[in-house]
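Following this line, the structures themselves.
Here subunit A shows up in two complexes: once beside subunit B, once beside subunit C.
Coming up: the complex of A and B.
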């Protein structure tokens, strides 16, 4: 079973991965975006870690709801409301339980991913974080490691895609050949799940 | 009409200057009669380009006179931030709507219409109608 500590570790591990990969995320965001994805997420997850420490939420749902709120208010770019909605809706779906099973987490994440799709209007194949999150959630039923591998594969599969959402979509065919920064950071979030589980 | 509550207008842009200038322009074009509550929410709290949910929430609260608040945005994170705040439920005044309209033309239409004492639905449709004005 996964308790509030597991979810705190998930957020801390995400913050550490985002820190480590911030330059790469920003570099990916340079040719097809506005070159701020790494620094925006770094600011957001640093604030998430700080607020979790300060407010010490004690259920899985409240950890994610608080983290989501924090991302919406601190990121400053489109990834703020998108990741914020993902975590907040996932947190709400987990309810007040003090412990949840990996299956319940997978189910709740599916609700979160659906909310992101509604918010941003992206479909699989549009070259967005959805291309990482959908296969990752599907694989989560097997293991965190399987989800991590599916996420990485999903992110890499965005390279030949043409962007249909966000600033990159203005580039049309010129967006082809670049891995999507949002899909790449989403893979970090999924990888951090495995790290939190210590698998 | 003067004692009627007016719809408030919030203008959300990635740029503080764009939001403030469009607010000024819309107020200037609406004539001198009634002072419509209009508030810009541009850029981030640290003065960079982007969107701040705090600035959006504060702007919406500042123009809420009880007749509803119409929010117009430019693009990308401005749109998504307002949608996420609306989904949150308690971050914006009751009866706040994201209006699907072109930013500058919609802002002018919204402010002019709000100045007549029109309700939120009328302000919203006036702003949305600005899409149908072709320039070429």
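Coming up: the complex of A and C.
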């Protein structure tokens, strides 16, 4: 079972991965975006860790809801509302249980991903974070490691795609051949699950 | 790349401190990142709030003042501001007649302003929104995020701001703003990429002797790269990209806008070519504005925005305005 502490570790591990990979995210965002994805997420997840420490939410759901609200309030751009909604809606779906099973987490994440799809209007194949999250959530039923691998594969699969959402879509065919920065950061969020579980 | 900054992390806050010092007629909340005209709220009048990523100065903060915006919310460089800023701005400027959000059509801006509109309405503030999407370089289809908002933002903010200043109700100010956007089109050209403070190197690599056609205002590359052209050839390319889509039968407002690193000497020369091409295409020009208004950090290049106007819109364009970057008649 996964308790509030696991979810705090998930957020802390995400913040650490985003820190480590910030330059790479920004570099990926350079040819097909505006070269700030790394620094924006860094600012957001740093604020998330600080607020979780300060407010000490005590259920899995409240950890994610608070983290999501913090991202919406600090990141801006499209990633703020999209990542914020993902975590907030996943948190709400978890309700006020003090512990949840990995299956319940997978189910709640599916709700969160659906909310992101509604908000951003992206479908699989549009070269966005959805291309990482959908296969990752599908694989979550097996293990965190399987989800991590599926997320990485999903992010890498965005390279040959032509962007149909977000700023990269302005480039039309010139967006082909670049891995999507949002899909890449989404893979970090999934990878952090495995790190939080200590697997 | 050398920049006149302290550290990348504080560029926006530093600029706001400087703005506060230069413009006592504005209230600049540096911590919460909201720029408000000092006499707000103006009772009984519609208030205009806009905002967007920093790096496009003087847009939007430089357009705050009587006759234009009531408040502006600057985000991080090229990053939409957050809903908290917009709600705070709306609350500060609402004079009881409602607030119009002027939103450039970028996924981030749209999402954050949508969230802000909901939150502001929860606080009892009446909110309307207008999307600016004038850039013809982006195909407006299901397969893109839609046309970008660029130079027409200035026209929308000036003309709708004048309508609000006249005391018109929210529905009217909103419909005027929408009319200005519907009748405006833009096209931009880059002669060099820009450098964001966070990255410190150019956002794309433009070899000597080449230029990018159809660029946006965030250092993203354009739709097409071509060998360098003369000012006259660029004017033809820009005007001929805009005209088929606008097909004006009335006179137009012209904005020849610098992207940040192109000198006014070049911009005026470019304007001469734009006016020549418009004349050759049979388009009458009502008013022209030349300068750096909707910029992209230190990008070199220019954009052309045309807005087909009628007598009402021209009257509102000519109405007095007093902001840091645009002022006439008062």
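The definition used in the following text is that the second predicted complex is superposed on the first by the 199 of 199 C-alpha atoms of A that agree within 3 Å, B and C clash if a C-alpha of one lies under 4 Å from a C-alpha of the other, contacts with A are read in each partner's own complex, and residues count from 1 in each chain.
Keep this in mind: a contact is a pair of C-beta atoms (placed from the backbone, for glycine too) under 8 Å apart; a residue touches a chain by one contact, two chains touch by 3 or more.
Predicted model only: the values in this text are computed from it and were never measured.
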item: Clash or fit (per the criteria above) of subunit B with subunit C on subunit A; value: clash
item: Contacts of A:119 with subunit B and subunit C, given as first, second, both or neither; value: both
item: First, second, both or neither for A:72, with subunit B first and subunit C second; value: both
item: Touched partner set for A:181, first subunit B, second subunit C, both or neither; value: neither
item: Touched partner set for A:32, first subunit B, second subunit C, both or neither; value: second
item: Touching partner for A:80 - first (subunit B), second (subunit C), both, neither; value: both
item: Partner chain in contact with A:167 - subunit B first, subunit C second, else both or neither; value: both
item: First (subunit B), second (subunit C), both or neither touched by A:60; value: neither
item: Segment of subunit C that clashes with subunit B, given the candidates 116-124, 206-214 or 296-304; value: 116-124
item: Set intersection of subunit A contacts, subunit C complex versus subunit B complex; value: 36, 40, 72-73, 76-82, 119-120, 166-167
item: Interface residues, subunit B side, partner subunit A - complex; value: 44, 48, 50-54, 76-77, 80-81, 83-85, 87-88
item: Touching residues on subunit A, where the partner in the complex is subunit C; value: 26, 30-36, 38-40, 43, 72-82, 119-120, 162, 164-167, 169-172, 174
item: Touching residues on subunit A, where the partner in the complex is subunit B; value: 36, 40, 69, 72-73, 76-82, 84-85, 88, 115, 119-120, 166-167
item: Touching residues on subunit C, where the partner in the complex is subunit A; value: 8, 53, 75-84, 106-108, 111-112, 115, 137-139, 142-145, 148, 196, 198-199, 203-204, 216, 218-221, 223
